[in-house]
Structures are given as structure tokens and as C-alpha cells.
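As C-alpha cells, the structure follows; a few thoughts come after it.
As written, the chain order gives the labels A, B, C and D, with residue 1 at the start of each chain.
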Amino acid sequence: MRLDAVAAELRPRNSWEATDLGATMLRRWPGPVYRAWFALALPLFVLLHLLCWGHWWLVPWLLWWLKPLLDRAPLYVLGHALFGDVPDRRRFWRELPDLLRCQALAALTWRRFDPARSFHVPVTQLEGLAGKVRRRRLRDLGQPGRGPAVWLTVICAHLEIGLDLALIALAWMLIPDFVDLEWYELLDDAEPWGQLWLNAVGFCGMSLVEPFYVAAGFALYLNRRTWLEAWDLELGFRRLAARLAQTRPAAVVVGLALGAALWVGQPSVGFAADAASDGDLELDIVKMRCEQWRTRVAELADSTDPVQRALAETLRDPELRACVVEERWRWRDRPERPAVEKPVADGALARGFAAGVEYALWFALGLLAAVAAWRLWRQPVTLRGRRPRRVLAKPALTLGRNDPTAPPAADLGEAAWRLWTAGQPREALRALYQGSLAGLATRHGLPVSPSATEEDCLRLAAARLNDAKLLEFFRRLTRVWQATAYAHRPPDETGARALCAEWPRHFVVPAGSSP
Amino acid sequence: MPNPALLDTVRHVETPEGITLKLRVAGPMARALAWGMDSLIRYGALWGLSMGLVLLGWAGLGVWLITLFLLEWFYPVVFEIYADGATPGKKALGLQVVLANGAPVDWPAALIRNLLRAVDFLPAFYGFGVVALLVSRDFQRLGDLAAGTLVIYRDPPAKPLALPPGPALPPPLPLSAAEQQELIAFAERGSVLNPERQEELAALLADCTSGLRGVAAVERLRAHARWLVGERT
Amino acid sequence: MNAPSDAISSTPAAPSDDQLSWAWDLLQNLRDAIGQALIGQQAVVDQTLAALCAAGHVLVEGAPGLGKTLLARALATSVAARFARIQFTADLMPSDVTGHALYNLRDERFEIRRGPVFCHFLLADEINRAPAKTQAALLEVMQEGQVTIEGESLPLPPPFMTLATQNPIEQEGTYPLPEAQLDRFLLKIQIDYPSPEEETALVRSVTGGRVGDTLDLSRVRPVADVAAVLELQRIAAHLRLDDAVLNYAVRLAATTRAMPAFAIGAGPRGGIALVRAARAQALLNGRDFVTPDDVKAMVKPALRHRLTLAAEYEMEGARVDALLDELLRRVAAPRV
Amino acid sequence: MKQRPFEQRHAADWRAFAATLDRLERRKPDRNAAASLPMAEFPAAYRRLCQQLSIARARRYSGPLLDRLNQLALRAHQQLYRAPRQHGRAALDFLLVDFPRRVRADARLFWLCAALLYLPLLGMGVAVHQSPELIYSLLSPESVIEIEENYAPGQEAVDRAAADDLAMFGYYIHNNIGIGFRTFAGGILLGVGAAFMLLFNGVFIGAISGYLTARGHIETFYTFVAGHGAFELTGIVLAGVAGLKLGWAVVAPGRRRRTDALRRAAAEGVRLMIGVAALLVLAAFIEAFWSSNRAVPAATKYAVGGAGWLSMIVYLGWAGRRAP
């Protein structure tokens, strides 16, 4: 194992997050993990059917029983892949026999019913511990990590059953009706094919869940060790030490070799008594471990390999024990699933209640209708648009506008001339122009809108008027007005006089003729 | 900064203020447990209600059915909107539903993710939901995908860890920011790691501790950490 | 003659009659020159010339193949100014637009490589195909009139005019320009399909006795130079503007903010743009003063890109141009 | 600056900020009120915190401090970017204006869904009317007998008790709205779920109506379904519309990523579902309290039913339209 090649972010997490990391690991290496799983499980599935010919109902039970062995394949892959070493097929097959043989009996008998199995298996399989050392180690490792691991087992068992049922339901949904097959026939285990089908479903459900179960348990184990042994810090310190000791490469080698030792299973990082909290440490275990330790160090020191000798020098008594208090909720007992009792009585109370509710509902409906109606009535526009369409405020419409609704005064020409002579040329021309528009609107029916500009009015007049003289006059007037109003260039006096004089000719109705 | 190549369950969300918030996305285990608790609460409530409603006869059945309907579809919605994105079960497990950008769920999102529960439940017992949860990047079931929501861990604010009191010493050589962070973390986690393990870790840094061994080395590193966080004695 | 009674918003440097008639002639020549290449689309040519006179940038939107590129080239050719074209693509980098500093190994110092923006007429083709950061680089240049490379500010030689084209935003692979940056274009010109007669002329001119299918600019002759353009812009900026007309323009812009159809109305910059464009329009119309009609003619190009439809109107399929017509119908003209 | 002075300098700020968050989250309404910030300063304080978090990250301060600041920032982010709560008035406006508009915006899907419901309904109705034994392909003989008994004539005088009505109301709410919701949700399965629910309901309703018509229980049956039919059938069609939107987004996401397209479609679909739920509650109410009332003369019932259809058409066709 090379801790510096670890492919996951190491940091102390809470237990649920650790199982999530397991799911993430599975998602990262689905191919190798599932290949390893099926490489072992599929032949076994077939083999069991052959062995139990005629008693196929036994197969799911046997499969279930053999799960601890099957689990070893995904754990093997994950354990290597996490440290940057995804095992290839050949190595997997080469190491498989050892993998399966190691403590197989224990795994299939008394440890089969360990509810925190997924959490404990890495200790056996990856660290290779056995016997009292293993127990001791599990106890140290396990206390706060055990609870979530048990929950993990419970939830995964439910997930597996749920997925089995889901698969059956899916098949039922997908089988068209005209296939003359009642779906419960499929569940009829008296039929051999029904049994085979059930076994296959169970196998699929197991295959979906079991690698996840293994990965989550492995992640729980990793997380626990990160808590207890500060792997993240170790990683950082190694890097720092390597940087500091660039002149002494041996230190790096020692560091990595230490990691290797940890991986091959010697408890270089072990668990020792915390005297304050753990007085009941049995003497023989300590003795045994010390002995084991001394032998190991001696072996290393005698070795010809310089790396191992260096390792022996650095190894020290590595016992480790930490205690974390974690509070959690625990079900005391599960309440019964509610059974709904059929209502029995129709007493007076019930009748009154029902009538009351009904009236209340009628009332609510009426109220709702009334509110909606009121809303529509008060703001009738609601039905026509989300907000009342206050498109434009009134002032914007009327600013600077004289509505040309009334006919112009008959003496406008004279009035304009008077303004001109009084030194107000702009006012004079405004009067003339406004008067003309009023005349066009009232006498010739030109729909002059307030928003029309001078050119708009002119275009309108050109389109609607058939009196060429009037049009010519209006065009001339418009030009003069534009120059006066916007360029402040009033016409000369003769021009103004001519306009004033000509105006009545076009816009004053001769007396006696009807408008 | 976190190495993106490393496996992790954290999702980074950039806020309009230009900072990155870390959301720790919650996976199947915690969510399944929360769902189990919620189911117990729901069916417990229905059971309790049926005890009372029995007195009302058929009318009671009507009320009971309406309650069943409301609990079935809107129990999570109401809690997610009005109780910080967490049903009681989620709250017990420290979970929270948020939008993918870290904002609290709004009505449409809460409705979508809970109406689509009906599909996640298919073909039976959350078959689609579980598969989607395991396959999708951020542990989202179909309802979460459609609503754009995440379920995250919402921890109680972490208590600041105090360093054990003592002298402060400058480190004998310049350290990078990451290395400083690790030294400080080492001192802060003194209460979690056992002494032997600490000594072992300290031994890795013999160059920093000028060859001290054992407890003395640990103490020296702590002193450096105190100096690094800015404590002066 | 009596002195004008109302205040006049004109400046002391009002253009003389000679200058005016020179400007009108020049504009007519420009119009003809561009019209040689771009057949039909008189309104588009006029609006582009208006933007030129008002020293503003334009954003041209229309389906591919309607002569957006040709318009820009013809304008540049007829003015005899430096012209550059940038085809915006998804992988275009900001430094491809503005230029960058290059380390010269022989001299051992940095050299500034000027990007294509150092020109008078810049055609930014399909601007909405580039990601936001590249758009932003160009839009910064447009606003500040200078380029900053490695801390060194390099002013662009006036006149500097950007003609950006964009395909309708519904098209695939486009990054819409952000609203705040759209503001930097004086006008947004909409090119529609030409009328059948114009299209016939177009097809004839393309296929008549030439190989290939590109429109050529050989018939476009330079009729002005850079100095003439600057003078034109000076004259346009000093045209007479009566308070009533100014008031009309401001009212139009402000009313867009009161219309519920728009989530975002035109800001003060919208009003300013409208007035600048109206001045240019007046010059194009051969007048030396601005009338309300000039304002009215420029409302759509000057405002349409500064408005954002409210969600519910967008949902019902309302269009900005139709709503601007509505605005023009509703706001009273200053006819007093 | 080292970590400890940094902490000391900002500790008071962070405490006040945390107190403000507590108040906003209504955890501790009063106790820390004095320590918390005025609301107007909250956004500025949040930006300060963001800056401090960035600084702390850049300087690699220790994990617990970063976690604490991240947590504060996350909580504040959730307070600031909370969607505004909608109120009753907005809900009414939604039903009066927005909902029919959305339905019209999806007119083509609406007609498709209507066809998916009504064509099988009519086809099956006619087929079963012609040969009533066809119904046994759908229903067991026991259910057929039960249905027939329910609508057998001669029970006109017996009015159902209020308690029964209420029970039925609960049943319709639980069942029919549940069906509506499932139709929507089923849409995500490439639209198949939604289409299936529409077809299934169409076939089923058609078969029963055809059968009862053939058996001559015309008045009892049609007076019963007249009242709520408009709302219930339209509600189911609209649930189908919302469901098919989901399915379409998954099948043909266009230029978006599939999840993004799905998210958009779901956001639109769920707004339709709010209206659907309202329609189905109304239908359940009418079905339970009005349709079951056999004291009302048949003509009145048909009139009310017709009025229901008319109001449905006017509502979906014209409500919320803008004036021309």
C-alpha cells in the first residue's frame, strides 16, 4: 500500500458520509469490482444449481450462506484500487485461491452472523489478523464504528429484498397480458422453472447490493482508521519529511516501507491500552503481541534488504488506542405497523360531525367563488391580463396637446396676425397650425391622433384630401411651422402675412353653407 | 485546495459573491434511515388518528382518507418548505434538502421532488430511486434530478478546537501553507489521537523536531503549531 | 426679426450653411456608394449612416445571407478607412481581439502585438458565437475607445465604429449578449428579407457575368476620408435641437419604464442614444434642425435592444417592435 | 496575519452574525436578539463573511475554522437566496390568469392528451354498448355486478347520509388526486407512464359507461357523472399534459442537457399540477356532495353538468387573455 497514492480524499467524516464514500468508490471502479464479483458469483450460481439438482430451493440459502466468501472479491479489488493499483485479471485469478482459503471456516460459521460483518472483514482480509489479536483489534476499532455498520447490514438487507420485489414487479409490468402467464405462477416455487426464475431474481438483487455493501463497509473501516490514526496527517507529514530530507532518500523509502508493513498485516500500527480507560487489558495478549513484535523486528533487522533493516530501526512500539464518545439515537423498540380499524358506529356524534364538515366545505366553496367573483369585478382586467394594464399614465398622453375636436374660430387668421405684430411669431404660427389641424379633423374628418407628428399629419392629409390647393397650403404651413418651432427660424413678414390671409380661405365655412 | 482527482462526496457551489460553498451530499444509507423514520412517524400518526376517528364512523373514514392523502403526498413538502428543508427523519440524521445552488428549496422544487416520489417508488420499494441514487453523481433520485435538488448533511456548527496551552516556538524552517495546516491540525487533534500514535507521527518529522523523541517531539510540534496559529507566550 | 422666445439647446459652434450643404452632399454620395453594393435595404443603409454620423456602434441582426457583412465592407470602402473583420467563434480568445504582449527573445523585451481592433471600422461577425469573456473584451474597447495590454493603454484612432452582426438568438450555439453590454450599441438594426423586386435585382447583380457567388465591392468607390467622417460627426453633433423635441425623446424613453410589458425599460442612456440618433437622422434628411419625426424614426433602432420583455408578455409571444409601435401611438407628439 | 489573531479580530462579528442567523431561522427568538445585527446590515455582513472565508481558505487556516465559516456562509446564503413566499392573493391570481395561460401555451399537448383519453373512451363505450359482454375482459363479474347495483334505478328516494358523503369525499380525494399525481410522475418514464394512465382511464370509463348505457341505467348513471365530469376529466387530461412534458424533455431535450431540459419541464409541469389538484379537489367535492344527491331532479343535474363544461371551456380558453 502506498498511502501517498490513495485515490480518495482522506479526512475524518461522520459514519454516513463514510458509507457515501463507499458508494462513490463503487461508482469510480464499477467495471473491475463487478467483474470480480461476477467472476466468482456467476459460476457459483450455476454450480449450485447443478449440485442441488432437484432441490433448487436450496440455492438461494446456500448463496446467502456463502456471501462472506463472495464478498472477498470486490473487497480485494477495492482495497487495491483505492491505493492506485487496480488489479488486473491475471493477478486476481492468481491470488484468488489464497483469498478464499484465508479463515474461510470462521467466516462461514461463527462469524457468518456478525451483524457488522462488512466493517470487520477488512481487518481479517486486508490486515490478515487472526485470533485474539484480531478480537482485540476489532474491539478497539469497532466500538463507535460498529453501530453504523450494523445499520448498514440492516439497510442493505432491506434494499436487497426491496430490489428483488422491484424486479419481480418490473417483470410483471413488462410481460404483456396476452402471454398466458399469471404473474404469481412465476412465484410458485413448486414449479422448477418458477424456482429458477426466483433464484435468478434473487441473484440479481444480491449482485446489485452486495458490492455496495462491501464498499460501504470498507469505507467505514477506512474512516475509522482515519479518525484513529490520522492518515491524512501522516500523508502530509510524509510529504514534508520527504521534502526536508531530499538529501537523504532513505527516509522516504522508510516511510513507504512502513506503509507496506502496515499493509502486509503486521500490526506496526497497533492498538494499546489507554491505561486510564482500559485497565482490563489481559496480560497474555500484551505478552503475545510484544513477542510477535520483537520477532518481527528481529526478522527485519536480520534481513539482507537495506530497506527492511531501515524499517526495523524506525519501528517503535506503535500501540494505539483512542476513545471517542459519540451519541446516537437508537430505536428502543419498533412500534407496530398501524392497523386501521374499520369504522363501526354511526352515532349522533359522527352524524353531527359529518354534517358539520359538509356544511363547512360548502361554505368554503361559496366563499372561494365569492372571492374570485369579487376579484374579477373589482379588477375586471385580471381576466385579461396579469396586472391591470396601466399602459401609460394620463399625463404622458395629454402633455402638450390640444385636442382638435372643436372647429377652429373663424377669425383665427386675424388673431394670428395680431400675435405676429405683437412680436410673438411662434405663437402666431402655432395658432395657425393648430387651427388647421382642428379644421382638418372636424371638417374633413381626418383622424389626427395626439401622437401624430407633423410628418404624420402631412402624410395623412396627402392620403385623404382631394383638395390639391388645401393640401398645398397645409404642406407650406407645416414647413414654415417646423422651421419656426424647431429651428427658431420664423418666416419673413410677407410670408407670414400671406399665410394668415390665406388661412380663412381654406378653413372658414362661408356663412349659410352647412358644415 | 482539494484535489479534484480524489474521490469525495463534496459538491462545490459557487455563489454570486464569488466564494465556493462546500455541500456534503448525502447518500443512500442516511436517506434510507431518514425515510424509515418518517414512515414510522407518518404511519404512527395515522394509526393514532384512526383510534380517534373510529368514534366518528364513516365520516371519520373520510377524514382519515384525506389525512392519508395529505401525509402521503405533502408531508415531506410541508416540512421541506417550513422546517429548513428537513422532515423530522431527515432532521434526526442531520440531513437537509437544498437546491443545487445551495439555496433552500422553494415550492415548485419541493412539489416536484415529492410528486415524482411515485416514480422513484416504481416498480416496488424505491427500485428506480435506489438505482438512480447509486448511479447519479450527487446521489440524486429521479425526483431530485427533475427538481434540481440535493440532500446534504447539515451539521451543527463545529466547535472551535482549542490548542493545549503551552509555549510557542517558530518552526526551524519555512513551511508551505499546506504543511502549516497539517501541523496545526496535528495539534488540534491531540485529544482524539492517542499519545503513542502522536509520537509515531511526530517521529516522521525528526528534521523539524531537531531529533527529539517521544513526548518531547510531540510537544515541540505543538509549540510550532501554536506559533503558527499566532499564539505568543 | 424677433429673437427666439424659447431656449435653444444648440451650441455656439453651429455649422454654417456651406458646411451643411457639404455634409448633405457627402451623405448622399455615401448613400449612393453603399447602395451600389447593397441593393435594397435603404432603411438599413440610412440607419447605418445615422450611426456613423452619431459616432455610435451598431448591432446588426438578421438571418445569414442578408448582406450584413457586405454592408460593413461597403461602408469601409466608401470611406477609405482602415477596416478589420473578426469572425467570432466559440474558441476566440480576448487577446485575439485586442492583441497581446509577446516576448521578443532577441531584444529581450516585450512587444505589443496589436489586435484587429486597431482600425476605423471593425466588423465583428456573429458576435454572439463567442463566449462572454471575448464579447466583454470587445465591448470594453467599444466603451472606452482604448485597449489595455499588459498595463499599457493604447488609444484607438478616431473614428472608431464597430459593426457587430448577430444571428437571431434562437439559433444553435449562440451566447446571448448581456443586457448591460447591449447598451453600448447606439443602434440595433434589423435586416429583414428584401422585397421581391429588390431580391430580383440582388440575384441579377450576383449572377450577372461573374464567377463565384460573392458580392463584389468593385463598384464602390471611396467618396470620403477619415477627416471627412470626423467633420460629419462634428456637424451632426451640433445640429439644433429644440427643448420640445428633447422633451419628446426623454418622455418616450421614460415611458418604456412605466410600461408593464417591459421588465427592464430604457435607462437614461436610452434617451441619450435616441437624441444622438435623431440628430444624425435630421442631417440625413437634409435638415439643420431636429424635428419630432427624426426622433420617431429612431425609436425602434435606438431602443429595441435596451428593453427586456416581462415574463408573462414573453410567454404570450409579444414582440418588442410591436410594443414600441404601441408606445409611439400612445405618447403625444409635441405639436404646439 | 496568523490564524489566532484573525479569529480574535473577527470573533465578535461571527458571533453577532450567528445570532442574526439564529433569529432569522427562528431558532431562538429572543435570547440573542440583542446581539444580532439590524436587518439592513445583514447583506453587507454576509459579504464581509464571504471575504473572510476566502481569506481563510487562501491562507489555509485550520479545518475546524474553515468548516465553521463555511457553515455560517451556507446558512446565510440560504437566508439571502430564499425564494419569496407566495400568498393567497398570488394563488388566486395564479388560478385566474396564469394557469389557463399555461394550458393554452401547451395547446398541442393538451389536444394530444385529450385524444389519448377520449378516443379510447368513446371507442370502448361504443364497443361495450354494442356487445356488453366485452366488459368482462376488463372487470371481474363481481365488480360488474357491484357497479350495476350502484346505478340500478329505483333508489332515487334514498339519499345518502352526510357521513357517507364525507367518506366518499375522502376516498375521491385520496384516489383521484393520487391518480392525477401518478400520471404526472409517470411521465418521466419517457412519457409512457402518463400516456398509459390516460389510455387506461379512457378505456375503463368508456367500458363502464357503455355497459351501463346498454343495461339501461341511463338516468342514474349520467345524472351522477354529469356534475363532476368536466372537472375530473379535464384534470386528468391536464395531468397527462404535465406528464408528457416531462417525457418529452427526456426523449428530446433539444439543445439542453437532459437533466436541464427535465428540470425546466418539471418546473413548468408542476405549475400545471397545482391547477390540476385544484380541479380535482373541486371534482371530488362535487362528486361527493352534489352528484350523490338523488333528491335533485335530473334536469337540474344535467344543467349543472352543462354549466360545468361551459365554464371549463371559457376558463381554459379565455381566462387570462390580454385585451386585443
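Everything that follows uses one rule, which is that a residue touches a chain if its C-beta (ideal position, glycine included) is under 8 Å from a C-beta of that chain, and two chains touch if they have at least 3 such contacts.
Since this is a predicted model, take the numbers as computed values, not measurements.
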When the mean CA coordinate of each chain is compared with the mean CA coordinate of the whole protein, which chain is closest?
A
Note, CA centroid farthest from subunit B's centroid sits on chain C
Could you state the distance in Å from the CA-based centre of subunit B to that of subunit D?
30
I'd like the Å distance between the centres of subunit A and subunit D, where a centre is the mean of that chain's Cα atoms.
22
So what's the Cα centroid distance for subunit A and subunit B, whole Å?
14
Between the Cα centroids of subunit B and subunit C the separation in whole angstrom comes to 54
Could you pull out the residues of subunit C that touch at least 2 other chains?
312
Counting only residues that touch at least two other chains, what does the list for subunit A look like?
346, 350-351, 353-354, 357, 385-386, 389
Name the residues of subunit B that each touch 2 or more other chains.
56-59, 61-64, 122, 155, 178, 181, 185
Could you pull out which subunit A residues touch subunit B in their complex?
6-9, 12, 14, 16-17, 19-21, 23-28, 148, 151-152, 155, 158-159, 161-163, 165-170, 172-173, 208, 212, 216, 227-230, 232-234, 236-241, 244-245, 255, 269, 272, 274, 314, 316-322, 324, 329, 334-341, 343-347, 349-351, 353-354, 357
Which bits of subunit D are touching subunit A when the two form their complex?
63, 92-93, 95-98, 161-163, 165-166, 169, 282, 285, 289, 318-323
For the subunit D and subunit B complex, residues of the former touching the latter
1-7, 18, 25, 46-47, 50, 53-54, 57, 59-65, 67-68, 70-74, 77-78, 81-83, 86, 161-171, 173-174, 177-178, 181-182, 184-186, 188-189, 193, 246, 259, 262-263, 265-267, 269-271, 273-274
In the complex, subunit A residues that touch subunit D:
11, 346, 350-351, 353-355, 357-358, 361-362, 365, 371-372, 375-376, 381-386, 389
The subunit B residues in contact with subunit A across the complex are 2-3, 5-10, 24-30, 32-33, 40, 43-44, 46-48, 50, 53-64, 92-94, 122-128, 130-131, 134-135, 139, 153, 155, 173, 175, 178-179, 181-182, 185-186, 189, 192-194, 196-197, 199-201, 203-208
